[in-house]
Amino acid sequence: MDLQPIYLSLQLAALATGLLLLLGVPLAYLLTQTRSWIRPFFEAIINLPLVLPPTVLGFYFLVAFGNGTALGRWLQEVVGLQLLFSFQGLVLASVLYSLPFMVNPVYAALRALPDSLKEAAYVLGYSKWKTFRKVLLPNIRPALLTGSVFAFAHVLGEFGLVLMIGGNLPGETRLASIAIYDQVEVLNYAGANQYAMVLLGLSLGILLLAFTVNRKAPRVL
Amino acid sequence: MMQLHFQKRLAAAQGAMELEIQFELQTGQCLALFGPTGSGKTSILRMIAGLMQPDGGHLSWKGETWWGNAPKTNRPPQARDCGMVFQNYALFPHLTVQQNIAAGQGPTSDPKAVDELLQLMDLSQLAHQKPGQLSGGQQQRTALARALAQKASLLLLDEPLAAQDQATRQQLQQQLRQWLKETQTTTILVSHDSQEVKALADRVLILEQGRVTADGLPAEIFPTASQSHGEYQVMALQHTHGGWVATLKSATQSLQWTTAQRPNWQIGDIIQLNTAS
Amino acid sequence: MLLLCCACSQKPAPLRIATASNARFVAEALAKDFEQQTGQPCEVIPGSSGKLYAQIKEGAPFQLFVAADLDYPQGLYDAGLTLGPPVEYARGQLAVWAANDSSLCAVDSLASIRVQRWAMANPEVAPYGRATRAALQAHPKWDKLKTKVVFAENIAQVGQLVSLQSVDVGITALSLIQGAPQPVRGFWRPHPPALYPPIRQGVVVLRGSTPELEKAALDFQRFLLAPENDSLFQQMGYLRQG
């Protein structure tokens, strides 16, 4: 069995999860700060990947970032960013695709924290940024873990989107899920099984680890 | 000196209420706000701390405007030199008792001062516990220690000793009083407990339905039984977590009467207070 | 020449060959030979012709497109994305494939009551599906056959349905069965090529890569068309015009 697709999938999932932590957590915080009437719009947009079929998302990526649009040409020619059929494109797509998996648990956890926690920090002279780092984040650690694990596992299992915009390039965009599909296409069920078992084992292990750690985490208030 | 004038429309359980309060407070004094639940006491503390915006009025402390309309001024809570004990304590759950108290000190940490506060609040044994492992009373003492650690010139205390048992409360009242006088800290205390007001405050405002109905020395407002000897009508009777508070009115004065048990009077009853009651 | 090769990076950039699903086995075999002969590494990227066509239009980094028909390569040529017009490299053949019963692998048996379900590729998107429909529309019992059909996304999926016995019979590409690296279960027979319009499969060399890769792609196209490979194509279920 060629292990490269598995290695590539893990690499993609790790990178996307890291970026999601950097991006999704502040986004979740900003969401708690937005006015209540406008918040549902942002919530709906962030959660769009949950309801859109991945192939639809992939199709729009293909159109938006291709040679046919001004945006696609600008990205390629001016910025020098090749987003279709490249690993970096998969990273970006995975971040957008898994955004709700990171934002939702973090947002819910932030909202569940009592306001007085934040207020106490302000009265103690903590800036908003320091309050976020030193008071809010440490108290939503279980949600950060849950979000990371779900995002990681979701990227690991991502298929339709990758099929559309990846191009199935070995070592670049041929992920484990695509390799499984390939093996099934040529009726090599034994080969598909090997990849699938590795992916299944990995996913199960990660989820098990996360739930075990979260079981030990103290409840906040 | 503090100059305060707040107007604020408050949504309460029994409908909206118009809060209107105005007072001046000398530096170093301890002022108690006394009144039934829902009379607006906590809201006043929150507006002083900058956690809530008044609709109108003015607030200045030591000559500096903290909140005002002309010109528009609103200092953020971080820039107001005040400490606060929250009714629900609002301790940081991920920090130990010691770390919570140290969090009050700001950038310059002083472990010795933390140790002193741990001792003062009888928390030395619990220094490395987290709030989730403490009783309500222990959490409350931690919150008080954290606020004291701030060494702010203004201290806002929202029912700071309500969760303590009787013996601890009396001891803490004494220690707190001494601490406040030594550090010359100006204090605003919200309380349901007339005994506590008498032990801590230099002055008391009675608040009812968002208005000040009495302003004076605790000994005048809450006379001891012998001084209040006479015939009274029961104007209001309210359950609080400190016990029962009755508002009594005679021909010459009105007073709040606190008891642990539900009294067997009804509103409107005429009762006789004497030394024995 | 040798020096030049050593001077450049240890492994030259791979020649990426986008290949319709039915042609992947023959393309992989040819790519291996080509790599041995020239030292140029090759990667075969399998997929449906329609999806590959869309990806190439959006700039996918492929140098060759080995398609399942002539229309998709022609579209790329018309769009100016190729180095020349499409060239027919082989003609595909339909096969009737039965999972269990050797007596069922003929089109006439589709009407039999022993066939509860049969599968073909979707004629709207798959060239082999189009040929299948053309072959069967003339059949006297087409109206009855239609009621038992399952449309698969592509010929590879037809193979999956048959090999997993989800259907009794499937009509797919002969090349998918004969070219498979591992033995395939069931019984099959080619459908006589005279009974359907030829499935003409075309190849184009794509523009837009480095001069070295474009040259390698042209070399590979020549290799693909070379008479010495006729027997390989025939062995894998294609017809080659002499």
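The chains carry the letters A, B and C, assigned in the order they are written, with residues numbered from 1 in each.
Here, a contact is a pair of C-beta atoms (placed from the backbone, for glycine too) under 8 Å apart; a residue touches a chain by one contact, two chains touch by 3 or more.
The shown structure was predicted, so the numbers you read here are calculated from the model rather than taken from an experiment.
Asks: Tell me, please, which chain's centre (mean of its C-alpha atoms) is farthest from the centre of chain A?
Replies: B
Asks: Centre of all protein Cα atoms: which chain's centre is nearest to it?
Replies: So the chain sitting closest to the middle is A.
Asks: Would you kindly tell me how far, in whole Å, the mean C-alpha position of chain C lies from that of chain B?
Replies: Those two chain centres are 83 Å apart.
Asks: In whole angstrom, what separates the CA-based centres of chain A and chain B?
Replies: The separation of the two C-alpha centroids amounts to 48 Å.
Asks: With chain centres defined as C-alpha means, what is the inter-centre distance between chain A and chain C in Å?
Replies: 36
Asks: Taking each residue of chain C in turn, which ones touch at least two of the other chains?
Replies: none
Asks: Of all residues in chain A, which touch chain C in the complex?
Replies: Residues 62-63, 65-68, 72, 76, 84-85, 163-164, 167-170, 182, 184-188, 190 of chain A touch chain C in their complex.
Asks: What residues of chain B sit close enough to touch chain A in their complex?
Replies: Those residues of chain B that touch chain A are 49-51, 76-78, 80, 82-84, 86, 88, 90-94, 103-104, 106, 130, 132, 146, 150.
Asks: Applying the document's contact rule, which stretches of chain A touch chain B when the two form their complex?
Replies: 114, 116-117, 119-127, 135, 138-139, 141, 218-221
Asks: Which residues of chain C touch chain A in the complex?
Replies: Those residues of chain C that touch chain A are 14, 16, 21, 24-25, 43, 45-47, 51, 54-55, 57-62, 156, 159-160, 163, 180-182, 184.
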